[in-house]
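One chain, chain A, appears in both complexes that follow, with chain B as partner in the first and chain C in the second.
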Partner chain A sequence: MAVLLEYGPLVLSGLETTVLLSLVSLLIAILLGILGAVAKLSRHAVLRGVGEGYTALVRGIPDLVLMLIIFFGGQTAVNELGFRTGLWDYVEISAFWAGAGTIGLIFGAYMTETFRGAYRALSVGQLEAAQAVGFSRLQTFNHVILPQIIPLALPSFTNNWLVLLKTTALVSIIGLQDVMYNANQAGRSSQEPFLFLILAFFIYLTLTLVSDAGLKLLARRYGAETR
Partner chain B sequence: MMDLSLIAENAHLFAQGVWVTITLVSMALAGGVLLGLPMAIAQSQRIPVLGRLAQVYSYVFRGTPLLVQLYILYYGLAQFEAVRASIFWVPLSNAYVCALIAFTLNSAAYVTEIYRGALLNVDRGEIEAGLACGMTRRQVMWRIIVPQALRTSLPAYSNEVIFLLHASVVASTITVIDILGAGRTLNAQYYVVYEGFLTAAVLYMAIVAVLTLCIRWLERRYLFSKA
Partner chain C sequence: MSTAANKLEARNIHKSFGNMEVLKGVSLSAKSHEVISILGSSGSGKSTFLRCMNLLENPDEGEIALDGVALALARRKDGKLYAADQASLVAYRTRVAMVFQSFNLWSHMTALENVTKPLTLVLRKPAAEAREIAEAALSQVGLAAQKDQMPARLSGGQKQRVAIARALAMSPEVILFDEPTSALDPELVGEVLAVMRGLAEQGRTMIVVTHEMDFAREVSSKVVFLEHGQIEVEGSPAEIFAKPAEHSARWAEFISRTRN
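On to the complex of A and B.
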């Protein structure tokens, strides 16, 4: 138990990175998801094409491959561009932003489908009714679309968040000191990898349980159907 | 910027990677169904103890990162002298086998959840019709409920197939030379950043494209014509 006291705090300190990274990634994903859904539902063929291309690309490339391309390749590309144009000096893409950017990009595609699906589930009659009573487009969005989209999108949103949370463990591979990375380090230093990996296992499980409970509560508040 | 000849020279490396990825994922998928289907039945039939165990198993494995599960199996268990002295050490000291076990257990958890829902959603009328024809409960299960559930869960299961393919890239973190492993080997050997990762990305996209075509064909064949 002495090792647990010695290295336990190291593993727990990774929690801050894991949670912060998850939240920043989620924010990026929501923004990209809204843009993606708007693009896919657009009347313009070009925008629809961009939206389709985006979701197809993410469905085609595994998360870690994309993360490595962005972290290692992106670094070189940005500096090459800066060197050629003379616009900026050497910049370093931090593991945090490479991770958050990649995870945000990937889950933005899933959020696109979530928001698009929820929007499609709204009946056309409602939009026509809003137009008939003279609502502006903004009013329609705020008073008709948004309140109904939230409960419709919540189950899929919850699912995306739970998967996102687990995906953040991949940033340990590009050297970011999250729960996974620190657990691995603690295991190596203490020669007790099992103990600390199991600790990480339960930390992630707790994060899942807490989010699950929290989002179910939210679902009940919005009257969405819970499974 | 890209050195295509480098990729061509190492084509055998990627060919081997494709083979490893495909065999690993196929075997894990098969094992996942073999383990997951009985667990889904136990859960949907509310078989005491077993149903509950299946539920907990599925939740725990879906609620923690695959990377952690893989590390526990590969690095964690090696810590114990008892494991190293046992007959299990031969398979457990092999990275490929560890990846296969981790992917199978993980896939089984998702299969359990997918089929549980599908089994519960089989039309009651069909079950009653089966019983009315004089089928035993077991016959109804294997001739009506299970085939129907396999059919209706096809879209959800296809997603799981693509998810597992994506998730399988973590095998490269425990020295397995799968597609991403081949890419990482190439990059490390020649000190390049794009060639290996981009080739891996293209290969994964190609596999996903082929899989998507197969899935569409299966869905058209077994799910009537759905868009």
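On to the complex of A and C.
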């Protein structure tokens, strides 16, 4: 018990990084997801190709490989570019932004499919009716598309978010001091690895259960509105 | 070409889907208070023609004029004609309303909201005024009591009447109907046709693509029979229903087929 009291705060201090990283990654994923969906639904073949390429690439490569490539390879690429062009000196990509960028990039591809699927479930007729009464594109998006896409996308969105939250544990590999990293450190220092892994286990479980419950509540609210 | 008396006029509309030429130069004009029925077998191009009239389909060729004023069209890279500017298209669409075969109510809004939304967003009416207009329109189609229902809770006939109320509320000068009863169960067709007859009696200008021969014969002032993307027969119902074979063999055949 004394060990837990001694190292517990260290593990818990990783919570802030884990939560912040998850939220920033989610934001990036949502933005990329919207862009990806717009690209894939576009009339222009080039844009559709870019969207297809993005999702195919991300879904075909392990998360860990992408993360290491972006963290180490991205670092080298940025500095090589700076050196070649002489525009900037040595810069260091922080582990946080490399992690958030990678996770955002990966889940942006999944969000692309989520948003695209929800949009395709919308009836074309409802969009035509919006056109026929004279709605602008923005009005159609805000008043017809968005309110219907949210409940359609929410189940798949919730799933993506839960997987994203768990995927953040990978950033411990690039040295970011999240829950996983700190639990690992605490386990080594105290020579009680199992105890602190169990602690991490419950922290992640709590996070996912709480957010799952929150999103289900949101889904029920939207569900009630559409039915 | 265009006479001032024409409320809405479409001239020489051509439209192809890929290599298939669906409309081969169709012209139609509606005077104020006229009810025009467009008949034709499926694939004749009648719905496409109606959709071209409010640019839900973009024609390859042709002109559209409202009150003798042509809607400015511009050709885009895909070779089709689009409204030259969004503002005049919106203005045009507020004056020429559309009722669809599959109702196309917005499923996340109540009946009332379906009617008020275009009023507040497009015509910029204050909420209270929009509500008043919408309630009046809904009671005109006999649905005052159902105003707070979601579309999923309404029958097909009720949905179509809400869609008609949505069109009416905008105070359009012309209403286009695209097979308004074709998606309805037979027992629900009557209630929608009754509403449309009422509108015709009020002197509304209407262009109706339909399969309802009785409606065409009894309500419309002009009937147009479309075949293979061209107007085959055109005239008052009295003229062309009386001795169909004198007008066109295809028209006579179409009538005899729909009678059975």
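One rule holds in what follows: the second predicted complex is superposed on the first by the 223 of 227 C-alpha atoms of A that agree within 3 Å, B and C clash if a C-alpha of one lies under 4 Å from a C-alpha of the other, contacts with A are read in each partner's own complex, and residues count from 1 in each chain.
Simple rule for what comes next: a residue touches a chain if its C-beta (ideal position, glycine included) is under 8 Å from a C-beta of that chain, and two chains touch if they have at least 3 such contacts.
All values reported here derive from a predicted model rather than from experimental measurement.
Visitor: Quick check on the superposition: with chain A as the shared anchor, is it clash or fit for chain B versus chain C?
Guide: fit
Visitor: Using the superposition on chain A described above, determine whether A:Asp89 touches chain B (first), chain C (second), both, or neither.
Guide: Neither partner.
Visitor: Which partner does A:Leu162 reach: the first (chain B), the second (chain C), both, or neither?
Guide: After superposing on A, A:Leu162 lies in contact with chain B but is clear of chain C.
Visitor: Does the superposition put A:Gly125 against chain B (first), chain C (second), both, or neither?
Guide: Second partner only, chain C.
Visitor: If you tally the residues of chain A touched by each partner, is the higher count for chain B or for chain C?
Guide: After superposing on chain A, more of chain A is contacted by B.
Visitor: Answer with first, second, both or neither: which of chain B and chain C does A:Pro147 touch in the superposed model?
Guide: The answer is second: A:Pro147 touches chain C but not chain B.
Visitor: Per the contact definition in the header, classify A:Pro62: touching chain B only (first), chain C only (second), both, or neither.
Guide: first
Visitor: In the overlaid three-chain picture, which partner chain does A:Ile173 touch, first (chain B) or second (chain C), both, or neither?
Guide: first
Visitor: After overlaying the two complexes, what is the shortest C-alpha distance between chain B and chain C, in Å?
Guide: After superposing on chain A, chain B and chain C come no closer than 23 Å at C-alpha.
Visitor: Please output the residues of chain A touching chain C within their complex, sorted ascending.
Guide: 123, 125-126, 128-136, 139, 143-144, 147-148, 225-227
Visitor: Enumerate the contact residues on chain B facing chain A in the complex.
Guide: Answer in residue numbers: 1, 60, 62-69, 71-72, 75-80, 162, 165-170, 172-173, 180, 183-184, 187, 193-194, 197-198, 200-201, 204-205, 208-209.
Visitor: Along chain A, where are the residues that touch chain B in the complex?
Guide: 57, 59-66, 68-69, 72-73, 75-76, 80, 162, 166-167, 169-170, 172-173, 180, 183-184, 187, 191-195, 197-198, 200-201, 204-205, 208-209, 212
Visitor: Could you list, by residue number, the parts of chain C that touch chain A in their complex?
Guide: 54, 56, 86, 89-91, 93-94, 97-98, 100, 102-108, 117-118, 121-122, 150, 152, 163, 166, 170
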